Amino acid sequence: MAADPESKPGQIEQLRLRERLTKLRDLPLLRGVGVSGELGRLERQIERIAAEPSADEVWHSVELARHQDRPYTLDYVERIFDDFVELHGDRALADDPAIVAGLARFRGRTVALVGHQKGRDIRERTYRNFGMPYPEGYRKAIRIMELANLHRFPIFTLVDTPGAYPGVTAEQHGQGGWIARCQLEMIGLEVPIVSCVIGEGGSGGAVAIAVADRVLMQENAIYSVISPEGCAAILWRDASEAKKAAAAFKPDARHCLDLGVIDGIVPEPPGGAHMDHDAASALLAESLETALGEIDGNEPKARRLARRDRFRGMGVFVTP
Amino acid sequence: MASRIDVSIENRRDDRPGEAAHGPNTCPRCRSHYRDDELDANLRVCAQCGYHFPVRARGRIAQLADGGTFFEQDADLRSADPLGFFDLKAYTDRLAEAEMATGLGDAIVAGAAAIERRPCELAVMEFAFMGGSMGSTVGEKFARACERAADRGAPLVCVTASGGARMQEGILSLMQLPKTVSAVDALREARTPLLTVMAHPTTAGVLASFASLADVIVAEPGALLAFTGPRVVQQTTREKLPDDFGLAESNSRFGHVDAIVRRSDLRPYLGRLLALFA
Amino acid sequence: MAADPESKPGQIEQLRLRERLTKLRDLPLLRGVGVSGELGRLERQIERIAAEPSADEVWHSVELARHQDRPYTLDYVERIFDDFVELHGDRALADDPAIVAGLARFRGRTVALVGHQKGRDIRERTYRNFGMPYPEGYRKAIRIMELANLHRFPIFTLVDTPGAYPGVTAEQHGQGGWIARCQLEMIGLEVPIVSCVIGEGGSGGAVAIAVADRVLMQENAIYSVISPEGCAAILWRDASEAKKAAAAFKPDARHCLDLGVIDGIVPEPPGGAHMDHDAASALLAESLETALGEIDGNEPKARRLARRDRFRGMGVFVTP
Amino acid sequence: MASRIDVSIENRRDDRPGEAAHGPNTCPRCRSHYRDDELDANLRVCAQCGYHFPVRARGRIAQLADGGTFFEQDADLRSADPLGFFDLKAYTDRLAEAEMATGLGDAIVAGAAAIERRPCELAVMEFAFMGGSMGSTVGEKFARACERAADRGAPLVCVTASGGARMQEGILSLMQLPKTVSAVDALREARTPLLTVMAHPTTAGVLASFASLADVIVAEPGALLAFTGPRVVQQTTREKLPDDFGLAESNSRFGHVDAIVRRSDLRPYLGRLLALFA
C-alpha cells in the first residue's frame, strides 16, 4: 500500500509528479530560501520531494505541526509585524478568540492579518478553544477582510487549527454555512491574499481562511482533510493507526506542494519552528514578502480571476 | 491533540437520532414495510408516517425532471487515485465496487433537464456511492454543471446527499471545497441562480461549500444537515444533544434553510422557483 | 402652539409649504389616483394638504394606522402578487417572523418583497412579536435584498411596525447596528426599490427597510420618529397626552409629503383600508406600479446615486 | 398599541445601571469629589476608580486634537423649526437655551484637525445640547464632515454621545438616519476611513445609523451603547436586565465593538489607527 515506502504510486501520479518536478526545479518555490541563501538546502529539499517521503517523515511533520512549543499566530505577529491593532467582534453575536484579526504594518505598508490562534497554557487553550473557531470567528474574518478590501490592504492569513469547533452551538449557528461563505468572500476580494499554514491545517476550518493567491506551508506544517486519528478511526476502525493513516493521506508540505495545492514551502529553523521562534519568524516574513511581491503588482480584477481559476483547477480525475 | 473527526464518509447512513439500521424498505420510524414498487410509487416516502427514505440519484432525477428531458453530461469522468490510497482496501477497489453497486461513475450525476417545463441544469448526488463523498470528480462535475448553467443562462438545481469530502483523495478532496465555491462564484458573476435541495445527509465538506451558497436552500424533512454529525459532536464535546440536533427542522429554526419541502411537493415547488428565476 | 389649528407655522415652513404645493399641483403625486380616475378626490386631497391638518385629523390617522382590521403585509401580498414564495432565515441565528420576505410575480415580472408583519389574532401577534423585528429580521431583509440585487429583481418593501423590538436579546444581538446596516445595504443596491408605509412606520425599525427610490405612504398610515405615547411620556411627562404629541410631531402622510419625506400618498378606500382589503390592495398595487415605472428605466448606478442624494438632502436647517 | 419609546432625549443622562444623579464633579461610582481643574487634568476620569465622567465637545477636542490644529467648520449652522414644535416649551426656546448653556450652535462640533500629527476630520457630539439629539443640523454637519473627509482623503473620527433622534423635528429627525448613512456610503465609496469613538451614551438613532457603520468602533469604558435604553426595555418587556445591560463591556462581549479604550489611551490609540489607515 501507499503508506509503505516500497509500494509504487499509480501511473497517473507518476506522470504528474514528473511534470511538476520539472517545473519545480525552475521555480523559486521554496520561499524564503533564496533570501536566506541556503541554496544547498533547496537542492536537498527538491531531492526529498522527488523521493516518496517515508511514513516516518510524514508522521514527524504531524508531531512537529502540533508541537506544544510551536509558534502560534500571535507569536509571529509580534515578531513580523509592527503596530498591530487587533480588531474584535463579528457585529452579530460574539468575538471568537480562536481567530485573531487586525491591522498592522509590514515592510512599511498596512496589511490585514487573520489567523487561527491556539493557546499556550491550559487557561489560554480553553479561552482560545484550542484554535477551533465557531461561526462567529469566520464572520469576524469576513468582516476584517471586507475592511481590508475596501481600504486596499493586502491580507495575510495564518492557518493553524485542528478544525472548526464540532459543538452543538457552533452547528446551530451555521458552522458549515459560514465556512462556505468565508471561502466565497475570499474568492471575491480584489486585494492580494497570501496564506500560510503554520501548524495544523485541519479540514474545512482551515481552508475557510486559506483561499489565497499564494498558499504556503511551513516545512513541518500539515494540511489535511481529516486528522490522522479521525481517518484511522473511520477507515481502520482504530484511532491508534493514526501514523498509518497519515502516511496514506499525506498531509505533509512536500506532498501538498507536489499535488499543486500549495505554491511553496517556508523553511523552518533546524529541528523545527519551535526551536527558535525568532528564526522561524524571520523565515516566514521573507516568504510572505516574496509571495506578496509576486502578486502585488497585478491588476485587481485579473488577480481575483486568477485566484478563482487556481482553485477551480484543483484535483485529479480521468476521462477514459 | 486533534482527535476530532469532521469528515466521515463511511458511517453516516443512520446518523439521524433514534434511527437504527433496518431493511432498506422498512420504515425506521413506524416499522411499516413496503415493496420496492410501492415505495417508488410514493416517491419513497412512508405512506404511514411520512418518513422520507433515501432516494438514489437516478430515482431522484426521474422524480424531478420532466420525462425524457434529462440529458446527462460528463458521465465518463472517473476518479483517479492521486495518493495511491490504501487503507483496509485500495481506493481503486472501493471505486470499482461503488461503480458496480450503483451503476454510476462517481457520487454525482449531472446534466441538462427541465423541471415543470423550465429548463435547468440538474446535479444530483448519490449517497450510495462511497457515502456521497466529494472527491475531485464530484467537484469537477459540479463545477462543470455551474459552467454549463452560466453558459446557457439556466438555473442550476443541485440535490445534495453527502458525508463530506472523500478522504481517500487526501488534501485534494479538501480542495474541492474552494473549487466548488469558485464555481459558485463564477455562477453568481453570471447572475445564474443556484438552488439546492438538501437531502439526508448533507454534511461536512458539501455543507461547508457549494450547498450553503445557494440562492435558495430547500431541505427535505428529517434530513441531517450538519458540518459535524451528532456522533462526533457527542464524542468530542460530551454535550447533551438536542433531540433534533442537526436535522432540517433545527436548521430551519436557526435560519439556515428557506423551506422544508415534502418530497411530494418538491417538483412543483422547484417549478415555481424556476419560474420566478426565469 | 403648532398642535393648535389656529396657530401659525413658522416662516421657513410657510415658504417650504408654498414651494412644495406649487410643485405638487403639477405632479401625479397621489399615486393610484390617476388610474382609479378619482380626479376630484386628488383635488380635494391637495386642498387638504394646503390646509394645516387639525389635531383631530392627525389623531384619526394614528387610530386608523393601528386599526386591528387594517390589512397587513401578507394581506396585500396575497392580493397583489402571484406565486409568492416566502424565503426564510438570516443564515446565522433564526428566522424572524416579524419580517416576511420572498419572491413573487408582479405585473408579469419577478420582484422581491420585504415587509413587517403584524399578527391578526393573539396567537399570531405573539408569533409575529407584534411586528417588532429582532436584528435577525433585518439580516433576513438584507439577505433577500442582496439576492434581489444579484438577480436584478426590483424590490418592494411594506413598512408596518411599532418599532424594532426593545428587548435584552435584541440589544445583545446588535439591534442598532443591524438597523444601520440594513439602511446602508439599501443605499447600495442597484435595483429599483419602492417602499410604502402601510400602517405604523415606527422609528428606526421602520426606516431600516424604507431607504427606497420612491417612498409612499397610505393615506392613513403614520411615519414617525417616536410613538405619540412615547413622545408624550417624555415631553409632556404623561403618556395620555398622546393626541397632543401626535398633533405636534405630525406623523400623518400629508405632513410627511409636505416635508419632502415621502413622494406620494396612496389613497385608501372610503373610511380606511380596513373597510375593504381588496380595494385597498388594488389602490396600493396601482401606486406601486406607477412608482416602479418612474424609476425602472433609469441606469442602475445613476438610480443608486439619486437614491443616495435623495436621503442626503433630508432635513431643514438655517445658515444665518 | 405602540406604547414603546425608543428615542429619549431628555432622560438618558443617568441610564447606566446603578448610577443615580450626583453633583457633576462627584464620582457616581466611588463618590470621590473633584474640582473642575483636577478632573480636567485627568481627562475627566476618576483618579480613584477609573470612572469616565462625561466630556463636553470642546473638552474632547482639546483632549484629542494636537494643539492648535482644530479648525471648526459649519459653526454657523442652526436648527430650523420645521414643525413649529411646542410641547411644554417651544422648540425654538429649547434651542436658544441649549445654545446659551453650551455655547454651541447644535449638538455636534466638526472640523479639520490632526491627532498625533495625523490629519483627519473630527466630529464630536455634545450631549449637553438637548441630550446630543440628532436633528437636521447634526445630520447635516456630520454629512458635511464626511464630504470634507472624502474630498481631502483624510479619515473621519467621530466621537458620539446621543440620546437619539431629536423628536422636536418629527419625521425629519428620523430621516437623519438614512441621511447620515448615505453620507457614510459616499465616504466608503471614496475609500475614506471612518472611526467612531462611542462615548456615554450612544443610543437609538445615532447607534442605528452612522455610528455603527464605522470601519473601527472604539468604546469608552462603561458607556451605554444601546438602541433602546435599559429603562424602556425594562418597562416594555418586564425582563430582568443583566447588570451590564447595554454597556460597552457587554457590547464588546457580543462582538459589536473593536475595542474598549480608556480615555488616557484614546489619543495614542487613535494615532495608531490613523497611521494604519493613512
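Quick notes on this one:
To keep things simple, chains are lettered A, B, C and D as they appear, and every chain counts its residues starting from 1.
Keep this in mind: a contact is a pair of C-beta atoms (placed from the backbone, for glycine too) under 8 Å apart; a residue touches a chain by one contact, two chains touch by 3 or more.
Remember, predicted model here, so these are calculated numbers, not experimental data.
Among the remaining chains, the Cα-based centre furthest from that of chain A is the centre of C.
Centre-to-centre spacing of chain C and chain D amounts to 28 Å, using the average Cα coordinate of each chain.
Remark: chain B and chain D have CA centroids separated by 51 Å (rounded to whole angstrom). Measuring from the averaged C-alpha position of chain A to that of chain C gives a distance of 50 Å. Of all residues in chain C, those that touch two or more other chains are 91-93, 173-174, 177, 181. Across the assembly, chain D contributes residues 212, 254-256 that each touch 2 or more other chains. Taken together, the touching pairs give a contact graph of some other shape, not a line, ring, star or complete one. Pairs of chains meeting the touch criterion are A-B, A-C, A-D, B-C, C-D. The touching residues of chain A, counted against chain C in their complex, run 91-93, 135, 139, 173-174, 177-178, 181. Listed in rising order, the residues of chain D touching chain C in the complex are 1-11, 76-88, 90, 92, 135-137, 139-140, 143, 165, 167-179, 181-186, 203-205, 207-213, 225-228, 232-233, 236-237, 239, 241-242, 245-246, 250, 254-256.
Only residues 188, 191, 193, 212, 215-216, 252-259, 269, 272-273, 275-278 of chain B touch chain C when the two sit together in their complex. Partner chain B is touched in their complex by these residues of chain A: 1-3, 7-10, 12-13, 16, 66, 132, 162-164, 166-168, 170-177, 179-181, 183-184, 187-188, 200, 202-208, 210-211, 223-227, 229-231, 233-236, 239, 245, 248-251, 255-256, 259, 261, 308-309, 311-320.
Interface of chain C with chain B (complex): residues 83, 85-95, 103-105, 110, 136, 140, 147, 150-152.
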